[in-house]
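You will see two complexes here that share chain A, one where it goes with chain B and one where it goes with chain C.
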Partner chain A sequence: MKKFINDPNNLTNELLQGMALAYPRKVKIVDEKLVVRAEAKSSDKVAVVSLGGTGHEPAVQGFVGKGMLDVCAAGDIWAAPGPPTLLAAMKEVNREAGMLLVTLNHAGDVMSANMAKQMAEAEGIKVVEILTTEEVRPTADEEGRGLGGCFFIYKICGAAAEQGKSLDEIAALANKINDNMATIAVLSELATHPSTGGVCGTLGDDEMEICAGQHGEGGGVVMPMASSKETVKILADKIVEKKGLKSGDEIILIINGSGKTTLMEQYIAFKDASDYFTDKGIKIVGGHASEVLTVQEAGGYQMIVLKADAEIKELWEAPCDTPGYTVQ
Partner chain B sequence: MSVFTKTQFAAMLKAAAAKIADEHESLSALDAATGDGDHGVTIHRTMQAVDAATDENVDKPLSDFVKAVAMKVMMCDGGSTSPLLGSFFMGFGNAAPADELTPEQTAAFFEAALAGFYGISKAELGDKTMMDSMRPAIETLASELTDGSGDIKAAFDAAAAAAAEGAEKTKEYVAKFGRARTMGERAIGHQDAGATSIMHIFNAFASTL
Partner chain C sequence: MKKFINDPNNLTNELLQGMALAYPRKVKIVDEKLVVRAEAKSSDKVAVVSLGGTGHEPAVQGFVGKGMLDVCAAGDIWAAPGPPTLLAAMKEVNREAGMLLVTLNHAGDVMSANMAKQMAEAEGIKVVEILTTEEVRPTADEEGRGLGGCFFIYKICGAAAEQGKSLDEIAALANKINDNMATIAVLSELATHPSTGGVCGTLGDDEMEICAGQHGEGGGVVMPMASSKETVKILADKIVEKKGLKSGDEIILIINGSGKTTLMEQYIAFKDASDYFTDKGIKIVGGHASEVLTVQEAGGYQMIVLKADAEIKELWEAPCDTPGYTVQ
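The block that comes next holds the complex of A and B.
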């Protein structure tokens, strides 16, 4: 493993401190594991809270800031925070208007969120949870995990919260987004766990894996490497089929590089995807090609699509200012 | 031997932490086959917390001692291991009436921990998780203590054997939880890292008696 690190057991603390030092106007660190907005949102507005492991930068802690998350509880590398850390995050932004808790569907995150939510409710904290499950799996009866689509919930529900929408309205919006989005991952190179140096999974030199999940932990369909255009068609076909997209629909499209795949490749994939959807009469009304949720040096990307309506389009364009994403 | 003491339990926890410290790299390697390769990191950090919390709290009554261990485990921020083992230790605290337990009370002490674990895990036997070694270990322990000889050492030896058998059986299973879930039949042949950790822990428990 060739990584510029210090103590492999202190990666999370060092990276969070570095992020706060780089963006002091946007975020601050509280009690080592909570990333909090540098300037709190007014307390009559609903807070948006999330949790997650680290080692996925900028996700998920990097989306704390104006117009997105109010606080995010960090765990450790690829591991969710325990319930007390998430409870502390919820207390940090507790308010009468309540809060939306965004949980990505992974075993540790779900368990911690369930326990922390019970503890919070026992203390009178008003919280509604949205569990993101938007991953496209190889077969329709498998429950999807929560991949990079959490970004849409953070951005759009965060904007709604800034506008002063109620918790009920924001929870309904979160459900609408989860129902109308889909993410599919392709993996071309394996990730290294930065604490152990261990390589995660197996994949041949000339192979790629479709539906590979967040960490390249496998479970997808392995096939020979293909061109950008061919790969985009495989991914986009599955999204169109799963969401029933048709001519006249409008979408927001994200190509989210996993770490090793270059921005050049991400832009090429975005062009190919744009051509693909345009051919089908599906209009791209918003987009982003960048690293949103990475997995160390994993190669590949996630294609994230959200079917948009007027409400979603307006909130997508609203200003935000976080270490990981800014809209002026 | 028919009394189980707080001091014995503390020695067990420290022995388990030492065993996991020896095995954590092999546990990560096991996990890399079907998961993201960091189970050893997480369980090592968790058991180091158990070790430290034991030193800090062993002078308290058994119930407070195990609850303090539980809180420290949950604070480890170790993915599913934090709520799972945190609930396990919290469970002990529900059935710790004194610092010396009869065989029946010892059975109830461990059964309460299993109940705590069940409350959050939702995994059943055969799902290729920690449950596959934990449940047979504790059920064997309890039945040896209540229906068998009542001998503490014999009961923990039998529990360790049951945990090892349960861990071995996970090779035959498809995973239903965690990151191995999406592997389907490709997970067959690989022993579950979590079940293996629990096997090491019960093995260490028995070794102290």
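The block that comes next holds the complex of A and C.
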């Protein structure tokens, strides 16, 4: 492991502090593990809250800021924060208007979120949870995990909250987004856990894994490396099938680099995906190619697709200002 | 080489097309090799023009857009565009108010820029060139190359042009920025040329190179890998010495990941650099930690420091909207 770090057991604190020092007008750190908007949103508006392990920068803490998350509870590297940390996050933005809690479907996050939500409700906090489950799995009977599609919930529900929509409206919107989106991951090189130096999974020199999930947990389909165009077709076919996309549909497309895969390759994949969807009569009405949710120096990327309607399109274009994503 | 590409000889076209497809409201591609603002700036304002090889995404073409570059001529991977391409870029934004041409000090770029400028002037185009030379070299008598500091010129001169400043004022500002900035690169892993598979340079498993330049051309100082804090001190000491920074000075700081080095490490480096400068009484008044100018999957980062005054601070905060950088 060749990384520029200090104490391997203090990575989370140092990286969060670094982020806040780089973007002090966007975020601040409270009690070491809460990333909070530098200027709070007016308290008559619904708050949007999330949680997640660190080591996935800019996700998920880097999406706190105007127009996206109000607060995000940080766990250690690749580990969910404990319930008390998430409860503290919820208290930090507690309000009459209530809050949307966005949980990615991973065992640790789900457990923390459920416990924290119970404790919060016992204290009178008004919270609705959305569990993101948009991952495309190799077979239809496996439950999807929450991958980079959380970004769509943060961005679009964050914009709706900024506009003053009610908690019921925002919860309905979050459900619509989760139902209408799909993410599929391809992995070409393994990541190293920066605290332990451990490597997740195995992968041959000429192999890639489709449906690889976030960390290389395995369970995907290993096959020989392919060209960008071929890889895009494999991924996009599965998304089209799962979501039943057809000619005339409109989508927002994200190519989310996992770490080592260059932005050059992400742009090429975006072009290939654009060609693919256009050939099918599916129109791309919004896009982003960037590192949204990374896994250290993992190779590969996530293709994240959201079927869009008028409401989603308008909110996607709305302004936001976070360390990881800014719309003017 | 394990990359998601198609034809290794058509990378530049595909990646530029992908970028424009992802951000059609920000940029468009003209004649395959010119990246142009989607909506032209009003023609009574000075244009800002640059050139550079591709394979460094988002730099340099990704900084075209409102508030930064008006047009950028693209070369092949790591190669300058030829003079005709740059001349075409200059004609694309030709105007009474004139244009600033930003050239990074690398032999190929300098040659293309000089020839294109002569041809442009012969055709009556009003152009002033700024050559960026801000790199810290191992010894004081070596001429600095132009590294990621071009980003400061694009951002700040782009904002000045947007405000309607004259070409003389913008040229003076560009010179001030070049004089007041310094960049130093540390390299921990080598990049692969995505067309040829060739690797630039050599580096041992436990080594890093200081003053490594952009592509691993060599000429830097090879030493054992060090912690983030130690590495930051080595880099920042050289910048402080070269620029004569002292207590009371204000700076804008960028930690620019080269590719493989994670955003986690960039945030940690930002924190360590913030601690370092604060200890010296030097105040960080603006920051950015991100991949600004990458070199494929190279490990390491560039520390880019600009001594700021009131004019620079105001223009740094001004809005911009490009694929690679957005300020609200």
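Here is the rule we go by: the second predicted complex is superposed on the first by the 328 of 328 C-alpha atoms of A that agree within 3 Å, B and C clash if a C-alpha of one lies under 4 Å from a C-alpha of the other, contacts with A are read in each partner's own complex, and residues count from 1 in each chain.
Methods note: a residue touches a chain if its C-beta (ideal position, glycine included) is under 8 Å from a C-beta of that chain, and two chains touch if they have at least 3 such contacts.
Bear in mind the structure is a predicted one, so any value in this text is a computation, not a measurement.
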item: Residue contacts with chain A in the superposition, chain B compared against chain C; value: C
item: First, second, both or neither for A:Ser227, with chain B first and chain C second; value: second
item: Touching partner for A:Leu100 - first (chain B), second (chain C), both, neither; value: neither
item: Which of chain B and chain C A:Ile5 touches, first, second, both or neither; value: second
item: Chain B versus chain C as contact partner of A:Ala308, first or second or both or neither; value: neither
item: Partner chain(s) touched by A:Ile239 [first = chain B, second = chain C, both, neither]; value: neither
item: Chain B versus chain C as contact partner of A:His193, first or second or both or neither; value: first
item: Footprint overlap on chain A, where chain B in one structure and chain C in the other make contact; value: none
item: Residues of chain C defined as touching chain A within the complex; value: 2-6, 11, 14-19, 21-23, 54-55, 57-58, 62, 66, 186, 188-189, 194, 205-206, 225, 227-229, 231, 253, 255, 259-272, 274, 284, 287-289, 291, 294, 296-297, 299, 301, 319, 321, 326-328
item: Touching residues on chain B, where the partner in the complex is chain A; value: 25, 28-29, 32, 34-38, 40-42, 45, 71, 73-84, 86-87, 120, 177-184, 186
item: In the complex, chain A residues that touch chain B; value: 9, 33, 53, 74-85, 106-109, 111-112, 114-115, 137, 142, 145, 193, 195-196, 198-201, 211, 213, 215-220
